[in-house]
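Take a look at these structures.
Below are two complexes that have chain A in common, paired first with chain B and then with chain C.
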Partner chain A sequence: MSTVTDVRPPTGRTTELLLLVFAIAIVLLAYANVGLSTSGSLPVGLVAHGVGFLVVTVAFHLVIRYRARYADPLLLPIATLLNGLGLVMIHRIDIGTGSGAATRQLIWTAVSIAVAAGVLWLVHDHRVLRRYTFTAMALGFVLLLLPMLPVVGLEINGSRLWISLFGFTFQPGEIAKIALTVFFAGYLVQTRDALSLVGTRVLGLQLPRGRDLGPILAAWGLSVLILVAQRDLGSSLLFFGLFVAMLYLATERISWVVIGLALFAGGAYIAWRLFSHVQTRVDLWLDPFAPGLSDQVARGVMGMAHGGLFGTGLGEGYPYETYFANSDYIVASFAEELGLVGIFAMIMLFALLVERGLRTAIGAREGFGKLLAAGLSFSIALQCFVVIGGITRVIPLTGLTTPFLSAGGSSLLANWIIVALLLRISDHARRPVSERPVEPVRRAEQPVGGGT
Partner chain B sequence: MNTPIRRLALLVFTMFTALLLSTSWIQFVQADDLRQLPQNRRTLLDTYSRDRGAILVEGNAIADSQPTDDDLRWIRTYPQGELYGHVTGYYSFTYGAGAGLERAMSSVLAGTDDSLFYRRVVDLVTGTTPTGAAVETTVDPQVQAAAAAALGDRRGAVVALDPRTGAVLAMVSHPSYDPNSLASHNLGAVEDAWEALNADPTRPLVNRTIAGDLYPPGSTFKLVVAAAALESGEFAPDSLLEGPQTYTLPGTSTDLPNFEGGTCGPTDEVSLADSIRVSCNTSMAWLAGQMGTEALDDQSQAFGFEQDIEVPMPVTPSVYPEDADAAQLALTGIGQYDVRVTPLQVAMVSAAIANGGEVMQPYLVQTVRDGDLDVIDETDPSRLSRAVSATTAQELTDMMVDVVDNGSGRAAAIPGVPVAGKTGTAEFGTSGAAHAWFTGFAPADDPQIAVAVVVESASEDWTGESGGRVAAPVGRDVLQSGVQR
Partner chain C sequence: MSELTLNVIRLGLLALLWAFVFSIVGALRADLYGTKVQTRTQGRRADARAPRPGRGKGQAGPTHLAVVAGSLRGTTVPLHSDGILIGRNPECTLVLTDDFASGRHLRIYPGSDAWYADDLDSTNGTFVDQRRIDTGYRLEPGSQIRIGQTVLELRR
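Here is the complex of A and B:
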């Protein structure tokens, strides 16, 4: 932008546009690559899809330019690149298996970006969300519990995570993740003093009062409920990890982490003792090639090995030999066809995305924004770790979607909304003081300063 | 609140680092092991998705890939079937690339070998579908056919070498098998064939020329003992050796007889040359005692014993026992006790004598050609070792000519062609059964082909000298097919 004639700090919007075009160019190259290697010709829809993708994302860029001009310039290009590569891989696996997931994912991409733009447009200041702290809590709980209802609830592959409405399936847990992060942030900003300052010291740890244990026990209980009722290890781990992390951020008390880890360890041990499907996961983690067990982990690992350092090339491998190749295991599909080099690049993209989010949190000028930005960023990091770590045997496989990559509309929608919220907070954090809007929230609490 | 956010960032950094490490571990450190796993369908699908290179004998395919309509896209065919079974090996969807050149040259045939890297880069740039490389063997189809015909239905092995280069001219091991039966895409039939071949007590899947259970060499080993004696400088072809009717093994009361209990000459002393000609046991056992374990071990190794040789199939090393006592040492002199050889090793002994004392590295692959028939790799003959001096080689040649002209190997004579040879009858087990051996080369004055023949269990008792009767005629047919070129 016209930084030469203006004393305003750079907004980064030109950088964003250039990176966006670059990201789309990479995606289209990959798309062309798949077409050439599988059918020997360029994909029929190359131009149409390319133009469509460009129009939708550039429209988002224009919304940012108009409504959040100081927002972080890397978030949109990274999300676009990951989303686009995910689309290419889903399309590539469609070719291998004859399914039609890519078209659905394409529609969801457009819808998700539109909704994200809408969120950015409507939520003029993220602090507004703080008014809805307990609404967010209620929304989060309802969304989480929806799949357990009869009629609308839907069980797939032994996990009850979906609802089915008017022929559409949706995983409400993904949206619940955002609602609960908003709730955690609002609630913890309010109660952080009580949670952090009161209590007795035991062995160098500041222990909280018994009555302040309520929230963490509630979060733990919710996680256990998800685990038992929905058989969803991944979400359970994600919610609880997110809550403990945000509790620590708000209170700066290591004791909460210790209590959280102890509760987690206890819960995990009991789950392992009680549930055979948890035991199976652990056994598969220790030895994926154990005879008599599922070869799900083994197939993923063999696929990755087949890719080696440089990969087979898009369209040249056998990613569909792995179960859930375009959803839970899409990272293994990328590792096979793009190689270690490619998967490194993609992990670095995620790391960069999370890093920009945490930087936004550090730059944010009040506690709610800090907690929300850090929580949303950490949820992406944790989700990547749980799913990629599960595939590569760092931890037992739990089954989560990979943000932006996996086939599945709810996950895509949720992650684009997260990007919109991070854009909004970063715009607020980077905006020069002279241009900052008046805080719309009633000044009930003193704004929390930056450093501690 | 910024300090805990920074600490959280550190945790995030650790988590992503863990992912980078775990992916590296799988895709780099463990990758090869994971690719080799038998349940890894990708590796199999990968090898079947491309045109595997042909194996050629004088330009004609003995293994070739034909396109099919089924999922595997290519089927491997072996136009000559059993005749080249042990040269080609088999290429089976179920059992992989097994034995022979299919296994030893698998990455080249598949087109994935490092030596084909630049070719693949070119294919990548030009968009050509990558194909495997073709392997042209050194086998002479006439010699191979003659060897298979001469051996017939009997169990045994024939190896023929070009003594000047080490090129393998024939590699026949009977019983053989038809690799087509394992390459079929009818997986049920393949499984049946596989089980039948493995259950067969005659073990048709074993390539007896290089990789079977090693054989005792019998009297063919006398060539090595004679070579050591001549090289020592203490003995000449006309040196007299102690050759009584029976030889009492040192330190025992066991008597070692000659074949058919006969004598080796008119007196109890017999020359080295006559000992080789009539294959005298007593004098050669005595000579082994004179030479000692170390000299015989060194001489064996100079001929190629105890070395890891690849042709490119790995050859089981032949062994000379280093722990023999005096009586056992005497027995090694006639190729008994724990001396164990492959037929290829025996052929290498004859080839070295034919080649003025130099052992050439044996090889089966002449050239490797890519899809455009450009030569990628060509084998240059290379010296493996010097076994004996040229003088010793000439003296041994003269003795071996005498074996065929006037001794135990008369059945190997070819009219008009001087032939050098040595027979052997190797007792094994306690039943008195014996393997018949012949090794030699022709023409003796201008060697073009060296051969080793073993026919298993040719003699049911200890009394017959079956090497000359059973194995020498096979050797003659093979040598004849080689010199008539």
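Here is the complex of A and C:
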């Protein structure tokens, strides 16, 4: 047995600022590259956009400096770089298709960072979120089911995922993801003893009692409902995977993973037998060049092959030939223009982002923060796996956005809020004892009963 | 724009992307090496950087509270001159996940010569060496404090 001692961490704020400037420099170089290769001159808005991006992110950095001094210094630069590269690619695809998605994405970036800064400013301690465990549950379910309502719901490409309000479209499922993670964390912290301690051992697995299966069955039922009613394979998978992972994190029982995977396999098989849109996905996964089906997967694969090891260079490939090249398929666009070397750097960035989140979870000193940080980072990891795995034909393609990269305001907003929450939890986890508020001790001098 | 320049920019961008990845890895190296892991066999030497107990008359008093049994086993909390609070309540310094612990269960604080423990009127009690303690209990180095399933120990 060993003991891990606490070492006073450096705040790392200067590291954060330097890496932030580095990240923005990379984004601007990429932006300049697009302009040079498509029109032969630097983009008109290079300086204006660069300064704007710098101002917004440095403002967020200052909010961190002021409100969460000990927060993890690497989250913000990584998120900034990914978001910036996403903007550049969306702009590049705009040039190919003549649409105006980049401006919208730019506005959403500013809004998202501002909201994230607001979250960091207002949520002084992530543990207050625990009070809203069941409010978060209700909010999450309402948001998930909102697109199914007749008036506000909006069906695009066969999936009912959007709501339309005052001419604005929004994908509430992305925000629901955060609300449900808060709910899972709060709920599992309370019930994990019951879920992990009792049960009989079968073949080296500690199986839970029958009546403790309720929550996992409810989660499974809801994800099946999303699959059937909204025809959204991606959210359904993400939602159920997140719940199983958090259940495992909370209880340390491998049997939950086994039960979860068994339920998932059963559900997936039934969905495959019953629904034609699932069958199409599976057929395309097995043979993307099958005649008579969509050639989206095939186009993505061809694009990535065109990119090769070092890519065609930004602005020199044909990523816009693929459908949804700037949202669901943005990873294929990057793989074409930056090549295998570039896409692996980006996957590394996601891995590092998730690593920082999980490190925060390890550092957190109470169960709720641990589960929340681990759940939020796992959701990013799972989402990346589902999207990139779908594009590279590891698993059947499901429509999900790539965190930070894809065009789409709701996704960007949700991911920046996740970053803000991780920053808040990491600030709490890394803050040395000497700087923690000492109120609890003072209050304890007049103990309030037993409290058990 | 010449082909050469574009190629330089293209490869430079990739190089910079990886340089960024490696600077992140460099920055988080502190995470991998900064945490000090002490095995028990190496003896319990005081960590020079850890905070000292407030009025510990020059002698090297305990600097950490370690959980030696229970669900939080392996956790250590640095002792702080303001005292630390232990219990199930999330605002405690050490938040126990033990059904036998009360919300605010135990307080450990430095006295003039040693560390003292106050049982904060907990339901199931705090035991040191099999005896239930009350307030103002003087903790000897190495004595084991039991709260429900959790056993705590002061460490140097």
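In this section, the second predicted complex is superposed on the first by the 428 of 452 C-alpha atoms of A that agree within 3 Å, B and C clash if a C-alpha of one lies under 4 Å from a C-alpha of the other, contacts with A are read in each partner's own complex, and residues count from 1 in each chain.
One rule holds in what follows: a contact is a pair of C-beta atoms (placed from the backbone, for glycine too) under 8 Å apart; a residue touches a chain by one contact, two chains touch by 3 or more.
Just so it is clear, the model here is predicted, and its values are computed rather than measured.
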| item | value |
| --- | --- |
| Which superposed partner A:388 touches (first chain B, second chain C, both, neither) | first |
| Partner chain(s) touched by A:307 [first = chain B, second = chain C, both, neither] | first |
| Which superposed partner A:367 touches (first chain B, second chain C, both, neither) | both |
| First (chain B), second (chain C), both or neither touched by A:345 | second |
| Contacts of A:248 with chain B and chain C, given as first, second, both or neither | first |
| Contacts of A:286 with chain B and chain C, given as first, second, both or neither | neither |
| First, second, both or neither for A:15, with chain B first and chain C second | second |
| Residues of chain A touched, compared between chain B and chain C (which is higher) | C |
| Touching both chain B and chain C, residues of chain A | 36, 339, 355, 367, 448, 450-452 |
| Chain B to chain A touching residues, read off their complex | 1-6, 8-9, 11-13, 15-16, 18-20, 22-28, 30-35, 37, 39-43, 45-46, 127 |
| Chain A contact footprint on chain C (complex, rising order) | 1, 5-7, 9-14, 16-18, 20-21, 23-25, 27-28, 30-31, 34-40, 47, 49-51, 64, 66, 73-78, 80, 82-85, 87-95, 97, 99-104, 107, 109, 120-124, 155 |
| Touch list for chain A against partner chain B, complex | 36, 245, 248-250, 252, 289, 295, 298, 301-309, 317-318, 321, 335, 339-340, 343-344, 347, 350-351, 354-355, 358, 361-362, 367, 370-371, 374, 377-378, 381-382, 384-385, 388-389, 392-394, 448, 450-452 |
| Residue ranges of chain A touching chain C (in the complex, touch as defined) | 1-10, 12, 15, 19, 22-23, 25-26, 29-30, 32-33, 36-37, 40-41, 73-74, 77-78, 81, 127, 130, 193, 310-311, 313-314, 316, 338-339, 341-342, 345-346, 348-349, 352, 355-356, 359, 365-368, 433-434, 436, 438-441, 443-444, 447-452 |
